[in-house]
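When the chains are written out, they are named A, B, C, D and E in that same order, and each has its own residue count from 1.
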């Protein structure tokens, strides 16, 4: 375990909005090849933390490093190109695009051909386009929604939209995939399938950061867990360690009725 | 797993890439070719004036050929603005400003009466038409970039007011009587495009048809270019920006760069139409560049259906054609009302009614149409 | 996509059927036989009837309308119709209308175009169709530079009026300090430039915008300059507002302006009190008895005071009508008739005799100074030629 | 029966969010609606309060079908909601927010009385009376949202995730207050993720999963139902 | 650049700038109110202002007063002025509400996209402008009695102050304070703020959104009507296309101050009035619009949501 290479370091990050402290000296490290769970009750600051990692917010204090490189302050699309991809808690697909096109947008992140090649249909355009479509189709198959390739994203069932978001994020060829409550609204069967998918993603060499409410899912799939509450890290460790931490039990599962 | 009812049957190939495969259908091409041929034939005797009939489509009080030319210029403008508003979702209220830049650039470079030659001596002699045209277009494209660079970070309505301000600034500069642009005195003797048939110049004063055909041809080329863009990485980037700018950025789309491209392409097309127009009219002055025209082009795009190229074409045509057609309608119907005076009143009413009953536009993009129809169901109770 | 195309093609087909079905009576072009009486001729009016500048254009159109009305009353068996070409004052809109007018062989002549810009944009077309035009109001001198043949100007150009206004300020008003303002229109700047040329030095100069309503900054400059005379090059709305605001701010000088301000609306906008004493130059002669009848007739027909250039429009329209009466029913005949015309307009008192380049015979161009007195424009003095 | 939701479906665009759910709330009850994120709990709330039109089925309140009644008129009928995410007006003071709760009432004396009652329930709010809603902490906003809903003197109080983002102490406090409100005679329908609290306080409860009611029963029964625990709490 | 001109006339430029700015501010409030609640630019608002100018002018003429016959005595003048004011307010607010009912409400019922609202508003603007244009022969209309004297009354710091300026500035202030009070302290005003801040929550409080929107148009119309009378007093003139000019400037002012923010609209209006006047002196009257837009763009570069920022809700801040 000591040989693990750090991929993403969240180094004492504080984030304030006006007077509200959303993150308070949060400090943890994500190692290559692992699945890290980030949990905490609603409003604990998980998504805020996520947003800081993907460049949506600038930390007020502290630093976030990806492979040793500072990412705070970098343009968001550059961060994506560095290898961090994400999904959203409240699905944010491009609703008027087909499933295939949604994934293509992700795949385009590494395409260089721009306006002239597209307008004049230069060989490079066809080359990139073909490659993009192939990659997108592969990914749709990988996440299990190949049958929906040409459906508009807005018309996909809820579960498939979640899967599509994952495919789109994977299309950017990330080293780190951040999933924000991917199982929200899933029934148990769907959750099991998702669990499989997350493992498959990790096995393909992508490090995964997972925000999730469903403890069983988190416990079942993650290697380590970081627990946030009110913007502070209150625990970190293996699922077993975290499960037995009384602070976590109190914060996350709610207080049993005193009466 | 499926919690949605989706129409059964094989998924129809849709969307940009889906259409790539379906494109070679001969039927569609035949239809498009026939339509294009009809457009080319429209100003000709038989279509404009079929023997023995009175063609009610022909404008009654203004020359049909020239109206077709003006409409074609508007179509070109609408196609350009559609890239900005329809594809990239950037509300531009000052698009006509680019038309002005293109027209003035062309006029200043080619007219012997240009102040650049007569007063400032920056040029020794007027440029040839073919050399000036690309330069005028490049100048407009640069203007687009120059305007877009600082302003495209603004969102929504703020961008709208800034672009509106830009168009007003261009107008105010154009009005300045003592400056290069000549103000109300304008610039005269703008040369026509070159070309002769049997010693007779193709492009003259009286016959508007060659100009119409020229612009029509340009439209076809531009439509192909824009369509190619729409069905590419660039088009996907635009749509993604329009639908969810933050998500697009986080998926690696350099949103600023593509917004700037949209602006520059829109500007280029605007400049192109301005340059072509300038070489037809021979004389231009500041009167033409009022804000109303920017608004009319925007109305054209939305009337036709934002985001749809055929919609932009139809919208551009209607916005230029309907008021001209209304001019002589009273006389045609044998009524003693002067429709000339009422034409903008009627046009305004048409805009309201259209937006109430067809907010997605006349010929919308299929996706947009579905979206807007769905929106209609998503209202709160009693709204 | 395919369905939509099919629908569009269907729509086109339906429209074609409608067009065929309409099969309305399309009368053949009347080819006027020589000498025979041609009774469906039209006289065109070309100018702004809608849009910002329509206030000017509508009165000109009405002047033409009055002339036609009177003619048709006397010639009920052979009427002449009015064809309107509403350019909105925009040169961009002019070509479609000019080409239409040129192509309509019934249109024997044209009163207009009203503004210099649209004239410039359409002269080639008129020339190509040999359609005679007399503009009642486009005063840019350069319009006659090229020997168009078809172009005629029913008023003196800026070169006649501008210097005259300058001389009036210098010689009659003997003003030491003159402030010059123009509205940046070709007309306004043209006059202002000529006035400044005559005066040599001025107390100050400013430019305003057409449609502007607040002139506070300009007024402050005028007051500070100590000018006793203000020359305004432009049209009546801005002139009225500027004068009103200047007087309100305590400026006590005299405004001098050109014929673009010679309109009842000027006094309406400025108010009788503020307008009092304003000097308006005009390349026209003072009221004759005939002019008296013009104003009354105009009021009877239109129910409004005649505006700027309504009288000129009336007079030049009558030139065409005289031609028709004289049997000039082709454009070529009409053109020859106008070129040889020599007669005095009843509304303006101007003698219309055209040079080869279409300008009024300079010996016939009189410039008079008028004055606003008691809410009306009254003639004052003819400004001597320079 | 105070509220009856009868076989209601609801669409977002083409996506069916509610698949024909039936729920009823009797006068005097506390009924809990539990389920995971995205299960359709908040959608159900929006359907009841009229923020979204339903596609089919009926919503009856005191026996009257209100599914076509505008949202603001449902408030007049006595349905008040503390919405998800609290929906506090950020630019209004605490007092103004509370006054907004009594927007459709004109009985000023009674309004003042109710405000005092809210302040008794949430003394914290009284301390912040002049502070803008947007500057309150999460817990205070939640109190404000609940208090504001009470200002309408509801016959039926809808609470959407009242425990969201609150510290355990506060969660308990909020639920104590809910119980208290109920005992004072207000019927309550509460949507919760914090199932343990909700189920232990509710007379009856429904479990919602991807737009379907999958279980219903008394709070206590569900609390000890291993299937509910497994599916929802994930700590079996 | 002519700084001497600016310095010499500074006091006078300031007073006239403030007077003009007060009119801009009143019109700007209409844009800002509607924007705050609907997030839409009400393009037809310029015409709401324009019809007000005609309503007042025609009322005065109908009462028998015109440029040659002004009422005598302060009381009668005030009475006549108020009659015109009432007419302008009534016509402007009726027009505003009519625009809402015909061009906005049907679209809202269908949940049309924002651009559709923009186009139908432009259509409404055309219709109103053309109706007045046709009715008035598109001529300027200036038959205005002198209701408030515009002769200097006294001098402050070198600036001559006229009763017209006092009436406009004080009147505008009263309207602004009144509106601010109404929005912040009345039940209906709270409803407006609630819808602006959170339409869904507002509905849950029993606020009738449709009525609030109607109210907002009405208030905007009232402000525009008052502005119309003030414009009449100041310029004694109107024209069918007068609205375009004032509308554009007022809209700019609203954005400058932070659209959706009532106090921002006032600040933006006054600022724009001053900037225009100073710029006229500094670089020439013909460049005043140019300078106004340059200032707007410069401000937006540094404060992308205007000087005071958005939100009707935070109007008290």
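As a working rule, a residue touches a chain if its C-beta (ideal position, glycine included) is under 8 Å from a C-beta of that chain, and two chains touch if they have at least 3 such contacts.
Protein identities per chain, from UniProt: A, D = ABC transporter ATP-binding protein; B, E = Branched-chain amino acid ABC transporter permease; C = Branched chain amino acid ABC transporter substrate-binding protein.
Everything numeric in this text was worked out from a predicted model, so none of it was measured.
Look at the CA centroids: the one farthest from the centroid of subunit D belongs to C.
Looking at D-E and A-B, the interface holding more C-beta pairs in contact is that of A-B. Relative to subunit E, the most remote chain by averaged C-alpha coordinates is A.
Here the spacing of subunit B and subunit E, counted between their Cα centres, is 33 Å. In this assembly, the C-alpha centroid of subunit B lies 52 Å from the C-alpha centroid of subunit D. With each centre defined as the average position of its C-alpha atoms, the distance from subunit A to subunit C rounds to 72 Å.
For subunit A, residues touching at least two other chains, in rising order: 95, 154-155, 157-158. Residue positions 130, 203, 209, 286, 289 of subunit E are each in touch with at least two other chains. Among the residues of subunit B, those touching two or more other chains are numbered 3-4, 6, 172, 175-176, 341, 344, 374, 378-380, 383. Put simply, subunit B touches subunit C in their complex at residues 19, 25, 27-28, 31-32, 34-35, 38, 50, 52-57, 59, 61-63, 65-67, 69-70, 172, 175-177, 183-186, 188, 204-206, 208, 277, 280-285, 287-288, 290, 310, 324, 327, 338, 340-341, 343-344, 363, 366. For subunit C in complex with subunit E, the residues that touch the partner chain are 50-52, 54-55, 58, 184, 206-209, 211-218, 220-221, 224, 236-237, 240-241, 244-245, 248-250, 265, 268-273, 304, 307, 375.
Only residues 18-20, 41-44, 95, 154-155, 157-158, 181, 183-188, 213-217, 219, 230, 250-251, 253-259 of subunit A touch subunit D when the two sit together in their complex. On the side of subunit E, the complex with subunit C involves touching residues 5, 8-9, 12-13, 16-17, 20, 67-68, 130, 133, 137-144, 146, 150-152, 160, 162, 231, 234-237, 239, 241-242, 245, 276-277, 280-281, 284-286, 288-289. Residues of subunit A touching subunit B in their complex: 54-56, 75-77, 80-81, 85-86, 88, 92-98, 100-101, 104-106, 108-111, 113-115, 118-121, 125, 128-129, 132-133, 147-152, 154-159, 168-169, 172, 189-190.
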